[in-house]
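Paired with chain B in one complex and with chain C in the other, chain A is shared by the two complexes that follow.
Up next, the complex of A and B:
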């Protein structure tokens, strides 16, 4: 008997397996040291914390990916007005905020124990840090806006328009502007992505890490969408009964 | 340097030991806890739906 479902069950099972295996491999790779081939050369100040590249940076890549997904669905909502698009846009934005917050906290902890070691600094208004916080606040305002409106149609339309604005600010706040200023983050010298001091061997763990966190973000986001669809179906069912 | 070492708290000492490897652990744990909190939130929402469904079933019986 075919199970009634909103999603492809086999693909979902594969996705979960990929997350478990991929994430385990990433963590193993990230914590391999000593003579292992993935061992990262030691740097002053950074020491072993260079490995945070595998965790802190994918937070932002995943956040941007989810912001893009959210903007895509907002655009589709404005075109055709399907309610599921609004649901997808808001759940993707919610997940983007979660990853953005994790990116902020992990960055703060990383900097505190490296460049600000011996000081009491947790937040030093590094340009990228500050603008990333602004970015998270812009997405936070998206939910403030949503909560401020009661009519679902108006809420969906206005928040979709706002969401497009929010998505447009992402490349500027996270890439263009921080690179104009002196920062702890690479890229300020016109270097596109990795800084020159990033050892090539780190890419072997870094790219799978980005991929694995993308999958985690995707899984959590789609779970919420499935849940939202069920909730919607149930409430409309209840309304019909009344 | 001496004053700085005196000023270190226990947490700082642990995190800065072993060439700062525990800092990576801290970052991984923050991410893990953050995502787990989100999973719990989703789970709570499922429970709410399940409870709502139960109410529905009972009203269907009568």
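Up next, the complex of A and C:
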């Protein structure tokens, strides 16, 4: 029986090391403060909080990436019914929740001290913020649903159906939410695009940071999938159709 | 057999069989209707007492109205499939009728039920909270379109909930995050209906219609996975 997931352990460990080193380099780059090299431009109000760009934005991207992976594997589960697809969908969703919560917290703190400086606002219904919160709620419901079912086959199929159904409704929020409140995020209607207001120096760190966060998300997700596969192999005596 | 018209007729007949069975059962026991009417009236009474008759801001009124509608939907529309599981008739239904007919039938039944309940709800709301309605037609339009969106979303999720062993509070948890694209335009359109202005009502109504279409299409495609054994 062919084993699923990343079977070449040596290559996987090498890649993992490379990702850890890359992430460390990104963190060093994000906090480095020396002369002109990599120092962020000082703007009033924003000041050094601009460095949050390296963390907040990639977290949000990673969440969306993992949400897409989760929906993709749910679709594949419904097509062919392989157990590993269900595991992949649920683990990707779990990691999407982690990155979504981190993105919400970093965004909320950042906005409190910049956009809403002088007010006591911690939470505002900015469209992107609401979208992230709804996405986290959807995955909360997804895991609540999984907990409520005992039969593993029914649980896998029904939760895959819910995941896909949710994926269909989420794009409507992109259309509905901006009508409720104008976004302060760059690139929203009337706001300057991200490329216009981001200093070139910051991009030296920002683009690798996006890449590194994607890879860290992928790493955590695949690690959990591998763990899940091992746990299944240990608890089950039946030949699994992985 | 190969005549498409005959196939369509047979499909419609199967769907109608499911709808008429559910309506007949409902008229006999009046279980859902009684529960929902009492829930709605009790909630509105408490709301009117808690908020006082001075809640005269149209935006607040339309928001409160849709919150009550949302909760009564989450409470009532789950019955359609849970009842089949509880009475042990789900297997029989699976054997006799194809899943697409069951979905269409249950959707129609949920639509009829929730339109009836929401009609009573909104009338009672207007009376108890002394709401002034500027444009009744727009109010009815937003109510009907919003109800279609709610029923379209909830029907598939009710089938999903019926498959689970621990059902308490599961349906609201599953539906509420997905109902935001219904709630926001519906509240917008209702607000316009209360203040009596047709300005800027095109977008919310179009959003409601397209959301309902998308959700019902997706449900029809996914229903089989949630329903079959």
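The rule is simple: the second predicted complex is superposed on the first by the 210 of 242 C-alpha atoms of A that agree within 3 Å, B and C clash if a C-alpha of one lies under 4 Å from a C-alpha of the other, contacts with A are read in each partner's own complex, and residues count from 1 in each chain.
Here is the rule we use: contacts are C-beta pairs under 8 Å (C-beta built on N, C-alpha and C of every residue); 3 or more make two chains touch, one makes a residue touch a chain.
Here the structure is a predicted model, which is why all the values come from computation and not from measurement.
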| item | value |
| --- | --- |
| First (chain B), second (chain C), both or neither touched by A:149 | second |
| First (chain B), second (chain C), both or neither touched by A:180 | second |
| First, second, both or neither for A:168, with chain B first and chain C second | second |
| Touching both chain B and chain C, residues of chain A | none |
| Complex interface listing, chain A residues touching chain B | 27, 30-31, 33, 42, 46-49, 51-52, 55-56, 59, 95, 98, 101-102, 105-106, 109-110, 113-114, 117-118, 216, 220, 223-224, 227, 230-231, 234, 237-238, 241 |
| Residue ranges of chain A touching chain C (in the complex, touch as defined) | 78, 134, 137-138, 140-141, 144-145, 147-150, 154, 157-158, 160-162, 164-166, 168-169, 172-173, 175-177, 179-180 |
| Of all residues in chain C, those that touch chain A in their complex | 153, 156-157, 160, 163-167, 170, 173-174, 176-178, 180-181, 184-185, 188, 203, 207, 211, 214-215, 218-219, 222, 225-226 |
| Chain A contact footprint on chain B (complex, rising order) | 4, 7, 12, 15-16, 18-21, 23-24, 26-28, 30-31, 34-35, 38-39, 42, 45-46, 49, 52-53, 56, 59 |
